[in-house]
Each structure stands twice: as C-alpha cells, then as structure tokens.
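Each chain carries a letter (A, B, C and D) given by its place in the written order, and its residues are counted from 1.
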Amino acid sequence: MASRVSEQHIDPWQLIAEHQAAHRQNGQFGAAASFIGTMRDFSERQNLSKMTLEHYPAMTGQYLEKLEQEAREQWPLQDCLIVHRVGDIYPGDAIVIIACWSAHRRAALDACNWLIEELKYRAPFWKQEFNPEGAHWVEENTNGHSSN
Amino acid sequence: MASRVSEQHIDPWQLIAEHQAAHRQNGQFGAAASFIGTMRDFSERQNLSKMTLEHYPAMTGQYLEKLEQEAREQWPLQDCLIVHRVGDIYPGDAIVIIACWSAHRRAALDACNWLIEELKYRAPFWKQEFNPEGAHWVEENTNGHSSN
Amino acid sequence: MSIQVKFFASLREKIGKAEVELATASNAGDAWAQATDNAPRPDNVLVAINLDYAKFDSVVKDGDEVAFFPPVTGG
Amino acid sequence: MSIQVKFFASLREKIGKAEVELATASNAGDAWAQATDNAPRPDNVLVAINLDYAKFDSVVKDGDEVAFFPPVTGG
C-alpha cells in the first residue's frame, strides 16, 4: 500500500499523476476522484505564517493503512492513495492528498469522500498554527459538514 | 468561466494543476476536489479501440456554463472547472474533468459530486464505441449510483 | 424565417438526416412528424427547443431551433 | 517489562511530559493518574492502547503503550 505520511513538501497534482502513471494501466480504469486539503494563510486566526503538524508516528502509519484497507473493502477500488503531511507546513502547501481509482465513478467518489471524513475525525494528527501573535494549537476540527 | 469542450487530448492532472496555478492564490483556498472520467478499453463490449464523442455544440457550450453557474450558486466555490472531450478518444484518454476549489472541504466535494451526476444525465453528449466488430452507439448511461 | 430541425447521434443515423428546415410547425411533436415524414417516435427521444430541454407539446415559433436526440451518454 | 505512557500535542505541553514509564497500571485511567500525578483529566482527552483507540476503563497489561492526546485536527 502506498498510503503514508510525508515530511517533505508535496506537489499534489504531480504526485497523483505520477502514482497513476506508475500503477494504473491505461484503459483499465474509468474514474479517478481526488481530494486535496491545502493550508490557508488564515483560519479562525489571521496572518498565519506556518503550521506544524504533529502526529503519533506508529499509530498514524498503522491508521492510514487500515483506512486504505477499509476503503478497499467497502468499495471496488482499483487503487487508493492517501498522503498526509507532517512537520512544518506553509500557506499554499498541501496538507492531505487522497486519490481513488475505480472502474465506475461512484466507488471512487464515495470512497474519497469517506476517507477525508474518517481522516479528519480519527487520524492522530494535530495542527499548531503560527502567526505574529504566537503559536496556537487548533482545538478541534469543526463540524464534518461545514469545515475545511 | 473556464468550462468548455475540448477537441484535443487532455492531460487531466496537468490541466488542473495549471488552472490552479493560473487562477488560485496560494493560501486562499483550503480544498480542491476533482473527478476525472477516463476511457476504458472495454465496457459492455470488449476490445474497444476508439470512441467518438458527438455533441450539440451550441447546447453543450451553454449547458456547461449553466452547470458551472448553478454549482457556484449552490455552494461557496472559489473556482470550478469543467472540461469535456469531444471527437475521437482512445483508451486511457480523459473524457471529462471536473475540479472545484473552496475554503472548506464540503463545498468542493459536494459540488464535484453533483456536477458529474448532472453532466451524465443532462449534457448533450453521445458516445459511439468502436471495436473489431464495428461501431456501436452507447444507448444510455447506466444507473447514477453504479455506473462509470 | 423558418424552423430548423436537427437530429443527433444514433437518431440522426436512424432518420437519415442531420437537419431539416420547416416552413412552420405548431409544436415539437408536429416538427418531428413533418421532419421525419411521420416516422414512429422512439419512447426515449429527447427534445430541445432553442438549446433548452422541452416537451413534445411545447409550442414552436418561427425562427426556433428544434433538436431531437437519444438519451445522453457523456461524462 | 513496563508500561509506556505518551502524551501528544497540546496535552504534552499542558502535562509537561512526552513520555513516562510506569511499572504497572490497572487500566488507562490509572495510567493517566500515575503518569500525571493525578492531574485533572480534560473531558475531551482521547486514549489509545497499543495504537488503537480505547477507553479509560480499558485494561492495561505489562508491555502496553498507552497514549493520551487531544481531539485530532488533521486532514
């Protein structure tokens, strides 16, 4: 499984394109759905200059694998990729990348949608935001149906 | 609005990446959701070598614009891109590309999902498939919740 | 002025015409009958008047474009 | 053998420790009490035992890793 955390900056569209070129055979898949979460320079606080994403390494590794496996069990996916940034992140940087490939559209779309919600509410990552006033731990992800 | 038909082959991830780089300002958007429909070399028939996508040019142009506009009215999107291929298409080629950008994830994901369903059931495009046995018009898109 | 009738995709091949010009037509169903010489109309045929989906009893006016086509299969 | 207790993110800063080793603990709540010197436990603290979400009354065995952390905010 290719799902993983990354300590390095990611170009999300290139990552997905390269994964597809390396792993998917042309003519075999009919649908690709993706979601990319990107750092904004504001949230409930303004002028964010940086964010640090802490995680629980042993647990996140296992958790991303489990998520990918559960998605593959629930939907007929041909491939699935989850990459989550950790470490220092700057405005405009990708935080999370999810891509799902399937024969027909519903599997890829529904799995992608499920994966981002699961990730938001269960995966052991924590955001600390920095702005001129200092460092601030984000207390919790806001409601699943309205938040970033 | 950037939504359009294309008579030329499209590299879907590059198209989305370039659109984002040209139109979105880093740090301003938090979410990007995309869907890409790709030609397979089989459907209900085997060994497809080619597909020809016919459309009703005046109506598709207006229809894609209307779809984009309706999506922007229903969800707080920062940007929205729909590109649909017409003409000769080969296995592995992208048929349709949808990408939505928003501050928070639900708008981008829900709009992307809605747009592909609307496109499938309303937009005046018709597929003719070619295999060694000859040409065959696809009669109708199968059920919205199971089909490609 | 006149009424332009268009056929697309498999319907164009079945009818054997892409475009027909009519002098007048009362509604979309009448345009079909005239343009196809009263060919039977498959149940799943869709109609658009001036690029918007319409019904077979929708009124057609001078200068309108009436299009008939099979179920759409894009996306 | 022993029990490893870990704290993450804002909770690590509040407690002032990242890791504590305990000789023994009956359950996750007991591990919290020992590792924090009976600090009050915020309502929203989550616990995982051996990398899986657990409850505060979940049994802890010798060799287990018990982690306490605030609500997750990834994605």
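Throughout what follows, contacts are C-beta pairs under 8 Å (C-beta built on N, C-alpha and C of every residue); 3 or more make two chains touch, one makes a residue touch a chain.
Small disclaimer: the values here were computed from a predicted structure and weren't measured.
Colleague: Among all the other chains, which ones are in touch with both subunit A and subunit D?
Modeller: none
Colleague: By mean C-alpha position, what chain is farthest away from subunit A?
Modeller: Measuring from the centre of subunit A, the most distant chain centre belongs to C.
Colleague: What whole-number Å value describes the gap between the mean CA coordinates of subunit A and subunit C?
Modeller: Averaging C-alpha atoms per chain gives centres 48 Å apart.
Colleague: Just how far, in Å, is the C-alpha centre of subunit D from the one of subunit C?
Modeller: 71
Colleague: Need the CA-centroid distance for the pair subunit A / subunit B, whole Å please.
Modeller: 23
Colleague: Report the inter-chain centroid distance for subunit B and subunit C in whole angstrom, where each centroid is the mean of the CA atoms.
Modeller: 26
Colleague: Enumerate the residues of subunit A that touch no fewer than two other chains.
Modeller: 37, 105, 116
Colleague: Mind pulling the residue numbers of subunit D that touch at least two other chains?
Modeller: As it turns out, subunit D has residues touching two or more other chains at 75.
Colleague: Let me know each pair of chains that touch one another.
Modeller: A-B, A-D, B-C
Colleague: Which of the residues in subunit A come into contact with subunit D in the complex?
Modeller: Residue positions touching the partner: 37, 53-56, 58-59, 62-63, 84, 95-96, 116, 119-128, 137-141.
Colleague: Please output the residues of subunit D touching subunit A within their complex, sorted ascending.
Modeller: Touch residues, subunit D against subunit A: 6, 8-10, 13, 44, 48, 51, 53, 65, 67, 69-75.
Colleague: Going by the contact rule at the top, pick out the subunit A residues touching subunit B in the complex.
Modeller: 11-14, 16-17, 20, 26-42, 91-92, 103-106, 108-109, 112-113, 116, 144-148
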